[in-house]
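Input: one structure, supplied below.
The letters A, B, C and D name the chains in turn, as written, and every chain counts its residues from 1.
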Amino acid sequence: MFNFKNDYSEGCHPQILEALSRTNLEQTVGYGLDEHCSNAAALIKKAIDCKSADVHFLVGGTQTNLTAISAFLRPHQCVLAAATGHVNVHETGAIEATGHKVVTRPTPDGKLTAALVQEMVNEHTDEHMVQPGIVYLSQSTELGTVYTKWELEAIHACCKENGLLLYVDGARLACALTSEACDMKLTDLPLLCDAFYIGGTKNGMLFGEALVIVNDALKEDFRFLIKQRGGMLAKGRLLGLQFEEQFRNGLYLELGRHANAMAQRLQEGLVAKGYPLLQHSPTNQVFPILTPEQYQLFSSFVLFENWANLFDGRKAIRLVTSWATKQETVDTFLNQL
Amino acid sequence: MFNFKNDYSEGCHPQILEALSRTNLEQTVGYGLDEHCSNAAALIKKAIDCKSADVHFLVGGTQTNLTAISAFLRPHQCVLAAATGHVNVHETGAIEATGHKVVTRPTPDGKLTAALVQEMVNEHTDEHMVQPGIVYLSQSTELGTVYTKWELEAIHACCKENGLLLYVDGARLACALTSEACDMKLTDLPLLCDAFYIGGTKNGMLFGEALVIVNDALKEDFRFLIKQRGGMLAKGRLLGLQFEEQFRNGLYLELGRHANAMAQRLQEGLVAKGYPLLQHSPTNQVFPILTPEQYQLFSSFVLFENWANLFDGRKAIRLVTSWATKQETVDTFLNQL
Amino acid sequence: MFNFKNDYSEGCHPQILEALSRTNLEQTVGYGLDEHCSNAAALIKKAIDCKSADVHFLVGGTQTNLTAISAFLRPHQCVLAAATGHVNVHETGAIEATGHKVVTRPTPDGKLTAALVQEMVNEHTDEHMVQPGIVYLSQSTELGTVYTKWELEAIHACCKENGLLLYVDGARLACALTSEACDMKLTDLPLLCDAFYIGGTKNGMLFGEALVIVNDALKEDFRFLIKQRGGMLAKGRLLGLQFEEQFRNGLYLELGRHANAMAQRLQEGLVAKGYPLLQHSPTNQVFPILTPEQYQLFSSFVLFENWANLFDGRKAIRLVTSWATKQETVDTFLNQL
Amino acid sequence: MFNFKNDYSEGCHPQILEALSRTNLEQTVGYGLDEHCSNAAALIKKAIDCKSADVHFLVGGTQTNLTAISAFLRPHQCVLAAATGHVNVHETGAIEATGHKVVTRPTPDGKLTAALVQEMVNEHTDEHMVQPGIVYLSQSTELGTVYTKWELEAIHACCKENGLLLYVDGARLACALTSEACDMKLTDLPLLCDAFYIGGTKNGMLFGEALVIVNDALKEDFRFLIKQRGGMLAKGRLLGLQFEEQFRNGLYLELGRHANAMAQRLQEGLVAKGYPLLQHSPTNQVFPILTPEQYQLFSSFVLFENWANLFDGRKAIRLVTSWATKQETVDTFLNQL
């Protein structure tokens, strides 16, 4: 059985596993106040070229999103997002559970635009409505697409003009930044966002996301919020040492680049075999459209995620590659197809 | 420098590390729906002799407490706890952040009693007050003390009589159950509580707590709540496989027994040297009282936690042992003292 | 200056004012436990022909909606509503502030349908998404339209089939039930909804909404929730005695009927003068579409609410009549136009 | 049957009722944006001698407390209060329902002190605990006692030193300020608090509290919060015109003075008859201690509130007077006793 279900099917990259083993009996203080965490934070601040940023390490993406957004907003403020945004659909109302509405617009490619943001702002005119407070977007998006630097700059400018914060969910940031469709670098993020996170779970770590707070006004007392929301890991050094490995020698982007290469090979192979795509994806998620017969065939020998039921009875599915996907697996899969 | 600061200073027990390495490249489904998790749940249900229980794996104690308690209570219901209870003092108001008050009583030894519970119930008489909904207690307590079976039965009976749920925080359950002061077994817990958790973080795991829901009325849709609160680990198998190791061949209680033995050796040594105790502890936390001079001495060669400032200028400190504490370390420490 | 801005511009109907004066120096117990409240509840239960219902009196609509919905749902459950629904747009995220998502569908006439409800249910497939818990609809809607009995029965059946609760916001229930477009009676409501409220604020009272809980499973401890959300009026009898007047001798529906008659006269007059309507309304809200010149004219001599900016530069406005609107006022307004 | 159960047993003062009748058919805009509200706010700002304050009108005390405190605090911050504080005991956990812990100290007379505040601050040392954010106190307290200006200045200074906000619940402010035990004036409040409310419900109004926000940092977007918590009254002018009457010609303090005079006459009468007091009260609440026989006697001809069960079997009860209490009623009651 092939498995393209997601990018977190395996444990972690061997280099990270080795670091876990090597440091296992070290004695450190808890809660992310250890040297591995401070070292990892320093490496990240260097990689993004932003010395003044605060870096916090959390275990997972939903936890990072809900902790950050609820810390940044006042109670009457809402999140603006694409209708397909992870916080809107796939986090069981985690943002609302902290008291905040998520206001959305449908977008064909999973990407917000400055125009859509402005439209949502314009609709919120008085105190009987929630107040737009923060724009949430994912780089890459839930549909595998990426924002170009120019697109993010436009959204950034729109946020500035309307007094909004900009937050980037980087669960798959490594794949976004190493995609051929994306002209952004790590160093662009602090210039464009108030906060963002660098995703580790989907990029070869056992778990872990590095939340980077750039905007000084959002930094105060943030560790209180991590603790209150249940996200402060007792053995915090596990987060630090994994990110040390990611940013010590370029592993982070390397793993994203590999995942992309495997996905592109897969996507091209599917297109070559005549499969239409729901959305061309330049990153590590691929969305072929299958007839019922094809769907049955796929189900018989590969694990994947259902994505959407089309009106004509066909289905779009999602195939995901990762740091752990081997080229021969992709090739064998395509051959067997 | 000696380190008795807590029981989560190291990584994990070698047997667990080995399991992580061995399974690293296995491909599994995410979110705790894999075979390691189902196998670990089966082992736990066997160990507690309760086939009908639901077992959920979460990363940390605060997250487990807040997710469980907020799932079990209606909005107007409160938690009853000892004033020293972890949910009252050391979780940054995590329970209140989900909307629920924690009502407390001071207790010298960190233990609730049926009488205290009844007293709190009696004070809440109408709809202008919160409604007692659940009793929270820790086994062992934050002061290292333990509840005997008889004591827990009395609280259990009081809960039944007043329509209250009973929840046991087992962050240090292994140490409680292997303490000479405790006559309870794992199999007693499902008979006395509506829900409890078996703590892994403080007993040799990288992280992880196993929440056991015994009361059928509390089981429905619990996974939604885990996800909503940010506690659903993508690579959930990491939790399952660690608990597999703990319950496969008795490691869980063995590690608790070792931590206790080290603490008792330490406690006896301190008493022999004339140090008074804030509270005699039968488990893995020791609370000597130090004069300012002694405090300075200790600070110079051992890491510990400050616990309380006494009125006469002395301080109580906390020394903690763990699965990783070596007997020679305790002996050397006592000798150097 | 004419004033068609809303249906709560004046104080209260003279009969209600008289009752307030007459009873002013009576001494009663507080918090709605007095005889006026129990008498009003009895009158309402008789009017809706449902002896088993619980009736609670609250001050305003947003408070009633948020208290009821947050009491009825578990934390992971959401509200299903029309995109124009009052809880979605005009309550500053009050529902989300209690932790619950509002999931919506756009509807041209402000009305949900069973098909739309089913569509939203079908999209929520697993624990990574919120769980549909309750359907919210307004009778009449924010666009002045009404549900027929058949339409509500279809939604009711869809709710039953999917295990959903059905809640009706009756802020303008008197106008809905007395509209020629509506074939429902007060006695139909308990047969079709789990809970609903009978709006007083917009129907001649100083303030006050009567929440009717029909479903036994939703009744327990509801007064705790009213108090917790800040909605328990100390001098609760003010709510009771106003509703006594409304339901003592048929005033409630009579006031709605009058408001409708005035609005229909206004709507017909506008149509006769060639004004197109955004939506034909059979109740007390009228939505003419104005050119910029007409808009300027209207603004010069009548107070109204802006409703929507059309793509061609025209604007839809809202004119509202009430129990206090006089026929001669409508006629004079139309003549001056 | 005599009735000393509370100070909100009747409707409203005749002057206020007259104003309601006189203005009943005026047409005004809704939500407190009318001229009565702006006029009342101006009168209050003049009475407290603070032109820069923001004044908001809400319906009741619990709603005012929860809306203000949740608007002023960040999620990890807590309220510091006396254990008897209204927000701690008698609001069904309303503050916790907005996410914030209430940390308390027992006090014999219901009054906080600077020392108690400092003690609570000192105990909260790190991010594993909630962060003290605001001090809550009632003037007069739940036990009828009052803070002198010097006492409030000491607490104010302690707050400043520790970066805490100070909030005064003035549900019975009129009685406090007109008590012989109190040397404070309305004009002292803006100098000592960040926010406070002037209670109307318990001082002759149908309902209504005037929240005064002095601290500029707390003013932004406050109307959003009122709406979100369900506290924005559609016919807001009802609040404005009642407060106009209160502050137009000194009625507010006059009514408090009368209530105090009646209570002092009652208290002195009881003491003269040999009844001990739980707490001498200089305001409108009186707390005699009754033997079981006396309790039975009282129960037979007067309505009152139970307050506390003493250890020796006696009970403390609460008798309350108000603007509506007549001297002859007090005298007849004492005579019949």
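Basically, contacts are C-beta pairs under 8 Å (C-beta built on N, C-alpha and C of every residue); 3 or more make two chains touch, one makes a residue touch a chain.
For clarity, every value in this text was computed on a predicted model and none was experimentally measured.
Asks: Need the most distant chain from chain A, centre defined as the mean of C-alpha atoms.
Replies: Between chain A and the rest, the longest centre separation is with D.
Asks: Contact counts by the stated rule: is the higher one at B-D or A-B?
Replies: So, comparing the two chain pairs, more contacts are at A-B.
Asks: In angstrom, rounded to a whole number, how far apart do the mean CA points of chain B and chain D lie?
Replies: It comes to 42 Å between the two C-alpha centres.
Asks: What whole-number Å value describes the gap between the mean CA coordinates of chain A and chain B?
Replies: Between these chains, centre-to-centre, one finds 33 Å.
Asks: Mark out which residues of chain C touch at least two other chains, giving numbers and ranges.
Replies: In chain C, the residues touching two or more other chains are 75-76, 91-93, 97-99, 127-128, 130, 224-225, 227-228.
Asks: Enumerate the contact residues on chain C facing chain B in the complex.
Replies: Chain C reaches chain B through residues 70-71, 74-76, 98-99, 127-128, 130-131, 221, 223-228.
Asks: Residues of chain B touching chain A in their complex?
Replies: 3, 5-6, 8-12, 14, 17, 20-21, 23-30, 59-64, 66-67, 91-94, 97, 201-202, 206-207, 224-225, 227-235, 238, 303, 324
Asks: Within the complex, which stretch of chain D touches chain B?
Replies: Against chain B, chain D makes touches at 75-76, 78, 89-93, 96-102, 127-130.
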